[in-house]
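Two complexes come next, and they have one chain in common, subunit A, joined by subunit B in the first and subunit C in the second.
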Partner chain A sequence: MRSGAAPAAPPYPLSGGRQMTAVTTDTPVRLTDSTKFRAWAEAVAIPVGALVVSALIFSIFLIFLGKSPVDYFQLLWKGGFGTSFSIQNTLQRAAPLILCGLAFAIPAQIGLTMIGAEGALVLGGFSAAAIAIPLVTGGVPVVLAMPIMALCAMAVGGAWIAIVGWLRHARGVNETISSLLMTYIAIAIMNFFVEGALRDPGSANKPSTMPIGKDYMVGYIPGTDIHWGLVAGIVLAIALQILMTRTTFGFAARVTGGNARAALAQGLPVGRLMVACTAIAGACAGLAGYYEVAAIHGQANASLVAGYGFTGILISFLARHNPIMILPVAVMFGAIEASGGLIQRRMDMPDATALVLQGIIFVVLLTSETLYGRFAIFQQKAGAERT
Partner chain B sequence: MSIHGVSRRTLLKAGAAGLASTALPLGAIRSAQAADVIVGAVYVGPRDDFGWNQAHAVAMEILKGVDNVEVIEEENVPETDAVAKSMESMINLDGANLILATSFGYYKPFVLDLAKKYPDVQFRHAAPLWNADTDPKNAGSYFCYLNQAHYVDGVAAGLSTTTNKIGFVAAKPIPSVLSNINSVLLGARSVNPEATVQVIFTGEWSMPVREAEAANALADAGCDVLTCHVDGPKVVIETAEARGVKSCGHNASQAPLAPKGFITGAEYKWETIYTMYADMLAAGEELPNFVAGGYHNDMVRNTAYGAGATPEAIKAADAAIEGLKAEKPIYVGPLKDNKGNVVIDKTYDNYDPVLDGMNYLLEGVSGSIT
Partner chain C sequence: MNDGILATILISMLGGAIRVSTPFMFVALGETLTEKSGRINLGLEGNLVLGAMVAYAVSYHTGNPWIGVIAAGFAGVFLGSMHGIICSLPRVNDIAVGIAMMSFGTGIAFFFGKPYIQPSAPRLESLPLGNWSESSSLRQALDINPLFFVGIVVAIVMWWALANSRWGLIVRMTGDSEPAARAMGVQPYQVRIAATAAGGFLAGVGGAFLSLSYPGSWNEGLSSGQGLMAVALVIFARWNPLRCIIAALLFGAAGAIGPALQSVGISQGYYFFNAAPYILTLFIMIASARSSSSAREAPGELSITK
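After this line comes the complex of A and B, so read on.
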C-alpha cells in the first residue's frame, strides 16, 4: 500500500521543470518512513535555505545602504506578525494575493503562462458593482444579492480568462501575450462605464459606480478586521488542491501540462481542459474583485487596479504552482507589504526596498529549484549512488 | 549510518538560524519619540515625483523643523485597504495623533471609517470632501485653490507666447482639472486677447508615455508654451524643454527640469496649513474641520521665474499675484463655454462653490471633455 504513495516533492512542476520523479520511479519496493522523511525534509529544507540565503543577500544590500539588517528584520517581524494588529494587517493583505496566486497556478498546471488575473479581477469587481445597482434599488434581500454578486463576478472573470484558453487552443494565440493585452482592455472597459453610463453623479472628482451601501457589504470575520475574502481564498486553495491532485480532471490537466501533444494522442480533451482551467483561474480573480468591491470599496472605480493580479504571478511561482503552498507564500508577501510602511517610517528607507527583497527572494527561490535531487543526504541510498 | 541524524540536526540548526535572523527581537528599535504632536502623512506616489506628492513632502520637511513635532511618512500607498492599514499602523505602532491623507481616493471609505474607529485621533484629507452633516467631527478637509496660481501661469504664458497657442496636457476632465485649464486661458486672455489654449486629456493621472505623446502633439500643433495637470509633470516639462518650447509647472517646482524654457509654475503651499495644524494641536486647540484658501491666505504660490519668463511677463504676473492677494475675481461673467453656451452668468468670487462643479471648457479652449 505505502509503496505507491512515494512520489516526492515537487508534485507538479511546469513542463520542462526538473522533476524528481525520475529518481523515485526506479526505487526499490521497500519505501520506508525514512525515505518519505528525506523527501519531506528536502521539500522543506531547500525553500527555507533559499529564504535564509535571500535574507543574507538582502542584508548585504542593507549594509551597503548604511542600514542595520537587524533593525530591518525586527521591524519586518513587528509589522508583519508582532502584534495582533500586525497579524490582521498581514492576513487582510494576503486575501486578494491568495486568489490571484490561484489564478496563475491553475493555468500553469496545464502548461499555460496566463498573466491576466488583473483584468479578470477588475472586470469581476466591476460587474459585481454593476449588477448590484438593480439589486440594491430593487430591494433584493441581502442573502440573495450577495451570492448573485459573487457569482456574477466569478462568471465574468471566468468567461474573460476562458477566452484566453480558447484562443490558445483554437487559434494558437500565445496566452501570455493575449492575457496581458486583455488586461488593458478590461481596465478600459471598466473606465468606459465608470466614467460614462454607470457613473455615480456624486463622484465628481473620482468617477465611481453607485455605492452598494453598507447593508450589501461583506462584513469582517467576527472579532477581527479581516474580511471574508481570506476564508474564500483558503477554501478555494484546498478545493483546487483536491481538484488538481485527487480527480481525473486534475490528472488530465497535469498530463496536458506535461506534454499537450501526448495528451491529445491519448485522447484527452485538451481544448476543453484548457478552457476549464483558464475559466477557473478567471473565476478566482473575479472573486478577488468581488471582495475588493463588496468588502473594501463599496463601489467600482480605478482603485480596483492595484496590481494584485501581477503579484499573484510571483506568489504562484514561489509556491511552485501548488494551490496549498500559495497560502503560506501569500501570507509571507502580506507580511512584507504590511511591514513595508513601518520600515519606511522608522528606517527612513524608500518604499522600493520591499520590492528589492521580493525580487531577491524570487530569484534565489527559482535558482534553488535546480537543487532538488542534488543533495545526497536527501536521497535514498540507492538514489545517492547517482551522484 | 548517522547521515540521517546529522541531516536532521543540521536542518534544525539551519532552521533556528533562519528564524533568529528574522524573528528574534535582538535590540531596541528606534521608536517614535515622545513628541507632543506626531503627524503621519500618507502619499499615493513617490515623495520625489516633481508633482503632487513632492508638494506635500516638501511641506512635511518644513514641519520637521518645528519644535515638539515628530513627522512620519509613507509613500506609494495605493487607494485600497492598504491605506487604511497604513494609517492604522501609524496610530497603533507610532502613536500618531494627526493623520494627513493626501490622495483623493483615501477619503471614502478609509478615512471616514478610521475616524469613527479612532475618535481621539485627528484626520485631515487634502480635498474638499468633508461634510458637516454626515462625517465624523475628528475628520476634516483642507484644500488650496491652485487655479489661482495657474491664472498667474496664464498671465506669464500669454506674454511669452508668439504663436498665441498655449498647450495643456490634462489627466481627466473633472472639475479641479477643468478649473485650472480655464484659469490659464483667462490669465492669458487678460494680457493677450488673441491667446488660446489647446488641451489634450490623457485619461489617466499618471501615464508618462501618453503625456509625452500629448506634449509632442501640442508642440507639433504650434503651441510654444506647455503646461499641464497630471500627477507628475516631469515628462511634460522635460518634453517641452527638449522640443525647445517654454513651459509652466504644476503642483511642485519643476524649475530644475527646464533651465532654458521654464517660465513659472503653480505650486501648493501646504506648509501654511500643516504648521497651523501642528501649532494648534501643540496648544491643545481644536483643529478646524475645513480649511481652504489661495493667494489671499498664503496657501498657493508661483515658482520663482525661470529663464523663459520675459521682463514684461514677470511684471504682469507679479501684478496678477497682487490682484489675487486682494481677492480680485478670476471668473468675470458672463462667460461662454467653447460650444457657445453661457455657463458663467455673473462674476463669481474665487472661492464660490458654484465654481467647484465646473464641467465645461471656456470659449478660447480647444478640446472636448467628452
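After this line comes the complex of A and C, so read on.
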C-alpha cells in the first residue's frame, strides 16, 4: 500500500477523473479480458442457477398439490409471451417494475439497502396528480403540463428518498429502517390529502384526487397497448448504466459501495454521492408513480400502493444491481404477473400462485449469494494477477 | 359537554389500543428476542400473515381456537428457522432475506388460505372485565382478549430471563460480541437460529390474534403492516421487552385515534396520527443514532446499528 504517494487528495475529486486511479494499490489489478469474462460468467451463472433451482422447488410444490409443472410453465410462457396481446400485457406490467428495480439498484451500488421505493412511488404519483389539478383547471397546454407533472413526480420522489441518504451520512441512521418508516409516512401523507383537502367529491367509494382527464393522460406507444413508461424505463436503465460504469461519478459511487472508509480516506465526497444516488433512486420510483397515475389510474388513490416497490428489490437482486440486466428480469416478472389470470382459469389455482413462485425465487436467490467466489472456475488462476 | 366528548374519545382510544396492540406486542417481543441475539428479521410480516391463516384453518378444522394459536406459533417457527439457517451462511444479507421471507410467507398464506376466506371458525373468547361498569363504552373497551395478558406475561418473563438467566446471558452475549460468545464455547449461529425461531413463534401467535380475535376472520387484507413495523417498535422500545408493551399500546392507540374521533363525528385529518408512531420512531433514530446511551442499549452485533 502506498500512503501519501497518491496525489494530494483534492477537495472535490469529482471534478477531475485522474485522481480516481489512486484508489488502487501499488500493483494495480489489471482486469484482463479473461478476468472480466469470468466475473461476468459468475454473475450470470449463479442467478440463472438459482432460477433453475427455484423452478425445481416450485415444481415439487406443484406435484405435491397434484398439478402438472409442465402445464404450469407452458401456461406461464403462453400467458406471458404466447400472443401479441400477452407480450404487450407483459411489457405493460414490466414498466413500473423496471423503474422500481432501478430505485433499489442505484443505492445498492453505493452500498445502501434502500427499500423505500414504494413510498417514493406513492408520493411521486400523488404529487403528479395534485399538480395536475391547477394545470388542468387552468387549461395549461398538454405538451407543457405532461412534463411538469413528470418532473414534479421525479423531484418529489427524489427529494423524499434523498432524505434517507442524507440521514445515513449526516446522522448514521440506518437507511433500511428509515426508508421503511418513510414508506408508511408517505402513504399516510397521500391518504391525508386524498381523503381530505384534495378529495374529488365524485369519488364516493374510493377516495381519489380529481381525475386528470383523458387529454392529459399519457398515450400508448403507436401500434401497441403499451404506455410510454416502458420507454422511459428502458432509456433510464441505459442512461444509469452509462452513469454508473462510464463516468467518474459512477466510479466514485462504486468505490464507496466497495469500501466507504477507503473512499473517505481518498477524499471522495461520500455524503454527496450517497445523497445523489438516493435522489436518483427516488426520482426513478417517483417517475413510476407518475406513469401509474398518468397512464393507468388517471388519478391518485390507494391503488398506488401495489407492492411494486418491494418486487423491485427482488428484481434488482436477480439482476445483480445492474441497470441493464434489470430490463430482462423485470420483463420476466411482468410475464409471471401477466400469466396469472390464464393459470388461474386453466389450472384452477389461486392468483397467489405467482406470489409463491416469487417468494421461492427470492429466498433461493438470496441464499445463492453465499456461492459467489466459491467456484474455482469463475476465479482467476491462483496468484496470477491478484494483489 | 366537552368533558363528555373527551372521555368518549379517551375510552374508545383505550379500548382500541388494547384491542389493536396485541399483535404489535407479539411481533415486537419476537423481534426483540431475535435482535438481542444480534440478528434482524425483517420478515415477521410473513410470520404474522401465515400465522393468521394457519390459526384460522386449524381452529376451523379442530373447533378449538387455542390449538390454532399453537399451530400458528409453529408456522412462525418454520419461517423463523428458515430465516435463521439461511442467514447463517456466509455473505448472506439478513435484511434482504427478511424481505424474501415476508414475500414467501404471505405467498404461501394467500395460496393455502383461499378456501378459508368464506367459512367461519371458532374464535377466541374475550374476557368481559368491564361488567362492573355502567358505561357500555367502558364495558366494550374492557372486553379484553386473553392473548393480551399472555403477551404481557411473555414480556415480563422475557425481561426477567434476559437479565437473570443463563439462557438470557448467552443470547445477550451472542448479540453483543460474537468473539466473546465463541470464547465462552457458545456457537453464535445456533443461538441466533434458536432466537429467530423463537421470535418467529411469537410473531405467529400475534398473527393468530388477528384472525381469531380482532378483526377476527381470515382474508388477504388482514394485516396492515404490523409485522413490518416490528423493527420500528423494537427501536422505539430500545430492545427492552417491558417497554415493548408500552410501545405496542402507543402504536395501537395511534391507530385507534381515527375510529375514536369518528365516534364523536370528526372524520377528517387524523391520518397524520396514524403515521405518528413512524414519525416518532424516525426521530428517535435520528436523535439516538450517535449517542452513547443508545450504543449501550442496542446489541453490538446488529447490522442496523453498526
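Operating definition for what follows: the second predicted complex is superposed on the first by the 312 of 387 C-alpha atoms of A that agree within 3 Å, B and C clash if a C-alpha of one lies under 4 Å from a C-alpha of the other, contacts with A are read in each partner's own complex, and residues count from 1 in each chain.
We take it that contacts are C-beta pairs under 8 Å (C-beta built on N, C-alpha and C of every residue); 3 or more make two chains touch, one makes a residue touch a chain.
Here the structure is a predicted model, which means the values were calculated and not measured.
Bringing the complexes onto one copy of subunit A puts subunit B in a clash with subunit C. Of the two partner chains, subunit B and subunit C are each touched by A:Asn191. In the superposition on chain A, A:Pro350 makes contact with both subunit B and subunit C. Contacts of A:Phe310 after superposition: subunit C is touched, whereas subunit B is not reached.
When the two structures are aligned on the shared chain, A:Gly359 is found in touch with subunit C, with no touch to subunit B. Note on subunit A: of its two partners subunit C and subunit B, the one contacting more of its residues is B. Shared-chain residue A:Phe251: touches no atom of subunit B or subunit C.
Look at A:Met182: by the touch rule set out above, it reaches subunit C but stays clear of subunit B. With both structures placed on the common chain, the touch criterion links A:Trp40 to neither subunit B nor subunit C. Superposing the two complexes on chain A places one region of subunit C into the space of subunit B, and among 94-102, 256-264 or 292-300 that region is 256-264. In the superposition on chain A, the residues of subunit A contacting both subunit B and subunit C are 191, 195, 350, 352.
Contacts from subunit A toward subunit C in the complex involve residues 113, 115, 167, 171-174, 176-178, 180-182, 184-185, 188-189, 191-192, 195-196, 310, 313-314, 317, 350, 352-353, 355-360, 362-363, 365-367, 369-370, 372. Subunit C meets subunit A in the complex at residues 42, 82, 86, 89-93, 95-97, 99-108, 110-111, 113-114, 220, 225, 228-229, 231-232, 235, 268-269, 271-272, 274-275, 278-279, 281-282, 285-286, 289-290, 304-305. Contact residues on subunit A toward subunit B in their complex (touch as defined above): 34, 38, 41, 44-45, 48-49, 51-52, 55-56, 59, 70-71, 73-79, 83, 85-86, 89, 92-93, 191, 195, 204-207, 292, 296-298, 301-303, 306-307, 337-338, 341-342, 344-347, 350-352, 376-378. Residues of subunit B that touch subunit A in their complex: 3-4, 6-8, 11, 14-15, 17-18, 21-23, 25-27, 29-31, 40, 46, 72-82, 85-86, 88-90, 92-94, 104-105, 109, 127, 172, 174-176, 203, 357.
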